[in-house]
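Consider the two complexes below, in which subunit A is the common component and subunit B and subunit C are the respective partners.
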Partner chain A sequence: MQYIRPTDGGRRSRLAFGFLSILIVFAALSAPVVAQDVVADTPADTTAVSHVPAPATSVVVDDYKYDFGDRLNLSWVPSIDDQIGERMVLGYIVYRSINGGEFKPLESLLPGASSFEDKDLHADSSYVYYVAAFSETDTVPSIHTQAHQPEREFIHFDLLWLFVIAALISFSVIYFIWMARAGKDLFVRKIAGLDAVDDAIGRATEMGRPILFIPGIQDMDDVQTIAGLTILGRVAKQIADYDTRIRMPVSRSLVMTAARETIKAAYQIAGRPDAYSDDMVNYVTDEQFGYVAAVDGIMVRERPATIFLLGAFFAESLILAETGNSVGAIQIAGTARPAQLPFFIAACDFTLIGEELFAASAYLSGEPKQLGSLKGQDVGKGIAMAVILIGVISVTLGKAFDIEIFNWIADALSTVFSKAGGS
Partner chain B sequence: MKRQVPLLITFFVGTLLIVSIFSPATENLGEEFSVFFDVIAVFAFFLGGGNLLRVHLTKISRKREDWVYSVVTLVGFIVMLWAGLFKIGNEGGIAASVTEESSLFGMVFYSVLIPLQSTMYSLLAFFIASASYRAFRAKNREATILLVAAFIILLGRTAFGTMLTSWMPPSLSLAEIPNLAIWIMNSPNLAGQRAIMIGIGLGVVSMSLRIILGVERTYLGDDGK
Partner chain C sequence: MKKTSVIILSGVVILFLVSWLVKGASLSGEENPYLQGFLTTFAAFLTLAVFSFLYRDNPFYKFAEHLFVGASAAYWMTLGFWQTLVKKLIPKLSDGLANFFEVPTEEHSYWYFLPVILGLLLLMRLSKKGGWLSRWPLAFIVGYTAGINFVGYLRSDFVKQVSSTFVPLLIDWQGVGHFFSNFSLAIDGQFVMMLANVVIFVGVLCGLVYFFFSKEHTGLFGTASRVGIWILMITFGASFGYTVMGRISLLVGRLTFLFKDWLGLIS
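Moving on, here comes the complex of A and B:
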């Protein structure tokens, strides 16, 4: 058997093998670490290279409920890159095609947007939309929606309860006007402020001083100004009867013309058209505090015996009422702005609170048919009181004892009145 | 006829605007009618300006008492009209905005009118003090309740009010003055305001129906009898 002696070359080979083995072991030990670094770096590298965001999804177009075929609602789920990660989406562009025509950009929206209301559409056209999410470098469109034609609705069924409540109150007003016309005697409670009108005008007559009538600072499109002018008609007739002077500075031109007509007609009815003069009513300025300065000046210089403040008032209410108080005038005020009522109550002799301002003309007329409308108004108040009482009891008992029927009543009332309020 | 035509117009427009609320086909009618109102109001503005000129010119020419104030009024009116119409001092010329601060109109508006308006408004602080003094005199039971409520609210809105009851245990937190003030504002005060608002709503409905149905005609200069 031949013994083969290891040669130097074989020794070197073994050494090389051993060295290689050690290298391989080192490589094997270090390989996972390197691999981990590579895995960890890969997504970051990909992001750095590409800025293409994911598109918006689930793009749906719906008809707008209760419109005249002129609106559509578009909704979508925002791009996933708008919700997580680096939020690379900078916004969305809504594109629209009309009757199969070319898509045109319609609106640019901020990131996070998920709906859009398209207005001023035509019911006889069809519309297709898509939403493009855009980043710094790329714009990615969503899929197109189905073609959609807006539908026309003729009745706003969401306002059904408002209609029912309004109809109930209106019919009760009309019913009591009709009853009063038929000769039924109706009781209307006394309103102290209106009972004092006679005395206030009489006082001015005795003192030989003018009566100042301020109809607020709003125009003829405000119901409080109209209420003020309807009272002016009654007051002016008495002023004409008593042969007293009236001064009426106004802050709106239309109020000036309407007030002149009202006073003129009142003087004619009183049989004293010759005593009427256009100078009774004069325009001052539309500026709120310019008007206040002018009226305060008139109060201080002319020292009216009686001041009527009836209409829409804002920050000027107390300035006017306190100046009137300081010149010793008897003051009858009325407004439907709850924030101004405390000022009038503090500074005036009589205050018509809210609804009394609107009832004043009917009350002063003393006509049965006008008083009938006040009775109808009381029915509305009765309904409001009953509903409030039932609601309070239902919520209290329902929550305290978890009684199903009371919870149901509370929910039903909440639904009816939130719908009636248009919400 | 002079009364019947306006009554018919009022009935027709009033009814139409009520119906328009309940139909999407006519829901913008109210806004469109308000444009008509604006157009009419623009023309009426000339009447107002004309009236202002006439009243004050008459006063000056007849040298009535305090006619000097009328001179100030007319000078202010004419200067502002001239500056606004011809854009005097506007850097952008006649096409620029009338409210540019560099213009004469803007200068007078911002340097004279606004400070004067602020001065008038600031008078309110003094009038509130004098009115409060009268209102809060405890002459009867109601006035006493008003005084106590006002005192709690005034105190509750100050640091001193907070400090006064800060020693109270958490179980009595409702009795702390700031919390009492909040309760007065949110419960009795708000309930009262809502009651007034309901009354106002019903009053508006009732008066609107009287006008639409022609029962109330005073605004036309007719007492309906």
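Moving on, here comes the complex of A and C:
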């Protein structure tokens, strides 16, 4: 590392020395005799007048590990005058020079700071930093760092184990899709709520009332909404077959577009494209409770025979489910949000709990792709159960009885999963 | 309109006017007292209109509902235009447009034309011939969502949950004799901490069994599955009570508004 003396440092030192000399002479002439003795006995006290803090030291810049070449880490040892109690340093200012250009202040940090992460950099530029400690009266720069160019890494090797786990599950999914396409019968256990779908649609048909489908209040970037729309495809096909009415108010414009496409495709598959209408799906508002107010109104005015609540729900879950219950509709709900599931369980006839919502579309459709995906996920759950079992037994026996092999297994599993989890 | 409806509507209008005038007079020390009085009375009216749904659907609820839906839909559209298009997109593409909308200019990035194109494709739904093009941005969104969430959920809902379940079932274990001689039901005692870890372990394992779809839930597997659903239901029960308490506080907030800010019955 190269030490570069600040350009005005020498002049500042000379000025400070002159200023101190004048102060000492003035104090010696003006102070009483007793005080003169004290000053004479303790010459070191003259430094107490100075407010020039010591600089930060060991300023080092490092590349940020595993990034796109847009970050650098700066670290330093705080000034010796930056200590709790008698803190002279009021903070630090990080200065940066890009490609040998002028140093410009980048960030002001609180006292005690010892690192800084510089973001949004360019991989093809070089950066030099220094850190200036400042007190009430002075600013003292540190040495400059060496010029450093951020490096770009394309593979995050710390996440190797996450990749292995993801690859294992992905290959399981592909394998089971292949099996299903080859005509192998893949078993999926009975899911109670889904067996009621046919009955619920039949009920609406017999009663001559509409079916209300609520896909939650999130957008298409939520997997629960996608799961809800996948089930909608199957439900809409049956509705088309039975010539029942469907009503679908939504709170997101993209969901409206996707839902219209889904229902349209279902009606085409059912051989009734003429019966499809864009009016089946209508946008209400993005506002959570505005949407709830409108849907509640639809429920009490149109009195649907069947209500599907499948998607991501928040505080509106109980309001919707209770209103649906009050109009006597058979309700099939499903969400992966743990906080809302209790309300659906309390107020709906059937509830798809978490993973069941995602399994539902595969169960209902029986399509090879979806069945393969479901079976592949089951492989993941099987791995999780086995690992938990082995991990807990190893930790327990290793810690309680200090058996080396169990300690080793526990450490290995812990390392693999903490690395895969990114911690 | 029925005679009863006219009487009720007239009564509500009269009450509204009286409330407005009284509230305005009571706020005489403040700036624009009658405007403040109107706003408070209108807020109280809308609150009561929504509450009236508890009795049955009625014109007052319909009024509040339609006002809410209309105002919020317009609000979100305006917000989307100014916050997304004007604030985030335009400065990345055109200095002229940024200056026109009086937003700070930014370094141009032509990647931002990609969302513009996808957005325009979405609008192709309005065209009879090119309607199919609107499926492309949808496919992009769904594909992107599935891909980005796969890694995120694998980390948060799978890997981290599994590693958090590596808990020892025996804590500070020094033999059965020591365990019983020092038996305590203290919250930080050996027994309670061991019990907590056993509940975590059994709960997670049995919960996973419940969500395993490739095997019929019979025999030992069925028993584990039933334990899993019991644990889920107990958790849901606790969550239900906790959330209902939160909702009660929301109700208290509205009642406080009615009795304090509007009627002034609570000091």
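Throughout what follows, the second predicted complex is superposed on the first by the 372 of 423 C-alpha atoms of A that agree within 3 Å, B and C clash if a C-alpha of one lies under 4 Å from a C-alpha of the other, contacts with A are read in each partner's own complex, and residues count from 1 in each chain.
Just so it is clear, a contact is a pair of C-beta atoms (placed from the backbone, for glycine too) under 8 Å apart; a residue touches a chain by one contact, two chains touch by 3 or more.
Because the structure is predicted, anything quoted here is derived from the model rather than measured.
Enquirer: Quick check on the superposed pair: does A:52 touch subunit B, subunit C, both, or neither? Answer first, second, both or neither.
Expert: The answer is neither, since A:52 touches no partner chain.
Enquirer: May I ask you to decide whether A:414 touches subunit B, subunit C, both, or neither, giving the answer as first, second, both or neither?
Expert: Only subunit C; A:414 stays clear of subunit B.
Enquirer: Quick one: is A:123 in contact with subunit B, with subunit C, with both, or with neither? Answer first, second, both or neither.
Expert: So A:123 meets neither subunit B nor subunit C here.
Enquirer: With both complexes superposed on chain A, which partner does A:382 reach: first (subunit B), second (subunit C), both or neither?
Expert: After superposition on chain A, A:382 lies in contact with subunit C alone.
Enquirer: With both complexes superposed on chain A, which partner does A:68 reach: first (subunit B), second (subunit C), both or neither?
Expert: first
Enquirer: Classify the contacts of A:341 with the two partner chains as first (subunit B alone), second (subunit C alone), both, or neither.
Expert: both
Enquirer: Mind working out whether A:254 is in touch with subunit B, subunit C, both or neither, as first, second, both or neither?
Expert: After superposition on chain A, A:254 lies in contact with both partners, subunit B and subunit C.
Enquirer: For A:354, using the defined touch cut-off, is the partner it touches subunit B, subunit C, both, or neither? Pick first, second, both or neither.
Expert: After superposition on chain A, A:354 lies in contact with both partners, subunit B and subunit C.
Enquirer: Identify the overlap between the subunit B-contacting and the subunit C-contacting residues of subunit A.
Expert: Correct list for subunit A: 162, 166, 169, 220-221, 223, 226, 254, 257-258, 261, 283-287, 289-290, 293, 297, 301, 315, 318, 338, 341-343, 345-346, 353-356, 359, 374, 380-381, 384.
Enquirer: Give every residue of subunit A touching subunit C within the complex, in rising order.
Expert: Those in contact with subunit C are residues 162, 165-166, 169, 186-189, 191, 220-223, 226, 254, 257-258, 261, 283-287, 289-291, 293-294, 296-297, 300-301, 315, 318, 338-339, 341-343, 345-346, 353-356, 359, 363, 374-375, 378, 380-382, 384-385, 387-389, 391-392, 395-396, 399-401, 410, 413-414, 417-418, 420-423.
Enquirer: Within their complex, state which residues of subunit B touch subunit A.
Expert: Interface residues on subunit B, with respect to subunit A: 18, 21-25, 27, 34, 37, 40-41, 44-49, 51-52, 55, 65-66, 69, 113, 116-117, 120-121, 123-124, 127-128, 130-132, 134-135, 193, 196-200, 202-211, 213, 215-216, 218-225.
Enquirer: Sort out for me which residues of subunit A touch subunit B in the complex.
Expert: Going through subunit A, the ones touching subunit B are 66-68, 152-156, 159, 162-163, 166, 169-170, 173-174, 177, 219-221, 223, 226-227, 229-230, 232-234, 237, 252-254, 256-258, 261-262, 264-266, 268-269, 279, 282-290, 292-293, 297, 301, 315, 318-319, 321-322, 336, 338, 341-343, 345-347, 353-359, 361-362, 365, 367, 369-370, 373-374, 376-377, 380-381, 384.
Enquirer: Which subunit C residues qualify as touching subunit A in the complex?
Expert: Touching subunit A: residues 50, 53, 56-57, 61-62, 64-65, 68-69, 71-73, 75-76, 122, 125, 134-135, 138, 141-142, 144-146, 149-151, 153-155, 158-163, 165-171, 173, 201, 204-205, 208-209, 211-217, 232-233, 235-237, 239-240, 243, 247 of subunit C.
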